[in-house]
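Next up, some structures in structure tokens.
Presented sequentially are two complexes of chain A, the first with chain B as partner and the second with chain C.
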Partner chain A sequence: MITAKRSANVKINFEINAWKYMRLSAILLVPLVWIHSIINTLVTGPENINLGYVAMHWANMGWRIYDILILAFAFSHGVNGLRQVLFDFTTNTTTRSILNLVMLVFWLALSIVGATAIIGGIKN
Partner chain B sequence: MEITIKIFRYNPEKDTRGHYETYKVEGHENDRVLDVLELVKGHEDGSLSFRRSCAHGVCGSDAMRINGRNMLACKTLIRDVGANITVEPLLGLKVAKDLIVDMDPFFDNYKKMLPYLINDSPLPADGKERLQSPAQRARFDEATKCIMCAACTTSCPSFWASDEYYGPAALVTAHRFIFDSRDEGAAQRLQVLSETNGTVRCHTAYNCTEACPRDIHITQAIGELKMAMVTGKLD
Partner chain C sequence: MINNIIHGITGYIRYRGGAGHMTFLMHRISGIGTLIFLSMHILLESTAHYAPHLYNKLNSGLRTPSALAAEILMAFLVIFHGVNGYRIAYFDLFHPNLWAPPSSHQAVRATWIISLLLWLPAFIIMVLHGLHII
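And now, the complex of A and B:
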């Protein structure tokens, strides 16, 4: 009888990595979004969020890094989710490759715009 | 008691699209939906077509949508679904006639899972069985209960979107062999499962688990496959 631990050597592909990334980014998003929501809705209050508040918030480098992390994980998590939904309805390999490229460009473009805004900050 | 049964009808030789017909038959609350279908076929309309074989929940032939849920007609009692019943073919597969669907895409996906024992190692010294412990057998026991009725696969939203997705039943089959200590084909199967139409198309809707007439925890089995795919661990 075989009693040794069994294992299988599976070649890691893009889909497996994307699957892992969805889980990892989701775990990271839980504290990131909770802290973000608590500060903005309970501590500061939505009525007090204006350009001045954002300028003050981003004057601190720590908060800028924090917001970039939310942008990085939340947006990529969302875009990959959208990619998965679109893949449910497409079976053609070429269409899927095009969709991958479109999603990448969409994610990159908006991430660059968002990151530029955060890094650039607000000039008075 | 009078039972009113509304049945989806489609004859490819006459109809351009499906329609519903309603029949009223005398039955008993302990009758099964399959019995009511037999009454309709025997006494109301002999052209009604549906699959059935063992009529005892073992062969998996008579899976259909009963009041919107995938069930086996032979395991569903009138008293559990009421005297007003709507019976439709399974979703996601092309209707061949009335309640009969074309199962080819379902079995094509099944075959992709290499549904047979793969072991090229020499036989044990006695030349007989490849033994395994009760615990090793228990590891994949639940998956062996699958009767390939397709109730799970055709309840899956991802499969409705595209029958290229292997579907829950095929994944349960993969589970049955991947976690069998006598099998050596796990890497091949996991490689198939890691493709775009594999386990990543499962979005854990749990419809499959709810639909399974054998009470297999299908979503959990698919979760175990995902973990095996990522970690390579098979115990």
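And now, the complex of A and C:
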């Protein structure tokens, strides 16, 4: 058994913060993702989900904020997770920079599409 | 890069790390599976704003047995990833000494049991509900 406290002085860099972010966002994601899934698949049911349902759901400002939060946390956690997995396959700094750029563009693009849809809501 | 990928993937399969390694692989697979699902989900739900006439059509097109099976699998992936993610986050942030065996082995076993127990009711509800609506 390890009993001694092990610590070292390391300079905090982006990767350390990204590692921490995965764990901190994880704490939020279980309630956010599970409640969202239970409500939509088990309580409401897929057969009742249509444009009218979405309009009703987004008429409530609380649910809009909820949807923005789940989009922000789940998608950033997922894209950063994918980035970390891909980094395991190469130590080449150029390849890693390209991967960073691709991940950033992918993250921004879908975040913008999703967020503008939630903010814009249903047009009649 | 290609060589690294081939080496990496064969390493994932060949490495005989027992339950811990299986759980690590399953966390990767469930994480990436969930990300693929989430990406499609964002695009699909966004049609409610950008192309409302498409929304109902796409949604009702997903009421098929294979879509239901995929949904039931997704439920397991997201339950497992959540439970296992809590194990990782709790150990790393609050109790890094628990990473040493035997507590780490016990935690892996508990992760699988809790995930299956949480999935079972979801599985039953989704199958019964699916039979009703398909």
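By our rule, the second predicted complex is superposed on the first by the 115 of 124 C-alpha atoms of A that agree within 3 Å, B and C clash if a C-alpha of one lies under 4 Å from a C-alpha of the other, contacts with A are read in each partner's own complex, and residues count from 1 in each chain.
Heads up, the rule we're going with is that contacts are C-beta pairs under 8 Å (C-beta built on N, C-alpha and C of every residue); 3 or more make two chains touch, one makes a residue touch a chain.
Every value quoted in this text rests on a predicted model; they were computed, and no experiment measured them.
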item	value
Touching partner for A:105 - first (chain B), second (chain C), both, neither	neither
Contacts of A:82 with chain B and chain C, given as first, second, both or neither	second
Touching partner for A:56 - first (chain B), second (chain C), both, neither	neither
Of chain C and chain B, partner touching more chain A residues	C
Touched partner set for A:29, first chain B, second chain C, both or neither	second
Touching partner for A:117 - first (chain B), second (chain C), both, neither	second
Touched partner set for A:65, first chain B, second chain C, both or neither	neither
Contacts of A:41 with chain B and chain C, given as first, second, both or neither	second
Contact residues common to both interfaces of chain A (with chain B and with chain C)	1-3, 6, 88-90
Touching residues on chain C, where the partner in the complex is chain A	1, 4-5, 8, 28, 31-32, 34-35, 38-39, 42-43, 45-46, 48-50, 52, 55-56, 59-60, 62-63, 71, 75, 78-79, 82, 85-86, 88-89, 92-93, 96-97, 99-100, 122, 125-126, 129, 133
Residues on chain A engaged by chain C in the complex (per definition of touch)	1-3, 6, 22-24, 26-27, 29-30, 33-34, 37, 41-42, 45-47, 49-51, 54, 71, 74-75, 78-79, 81-82, 85, 88-90, 92, 95, 110, 113-114, 116-118, 120-123
For the chain B and chain A complex, residues of the former touching the latter	130-133, 157-158, 161-162, 164-165, 178, 181-182, 186-187, 190-191, 194-201, 203, 226, 228-230, 232-235
Complex contact set, residues of chain A against chain B	1-3, 5-11, 13, 15-16, 18-20, 84, 87-91, 96
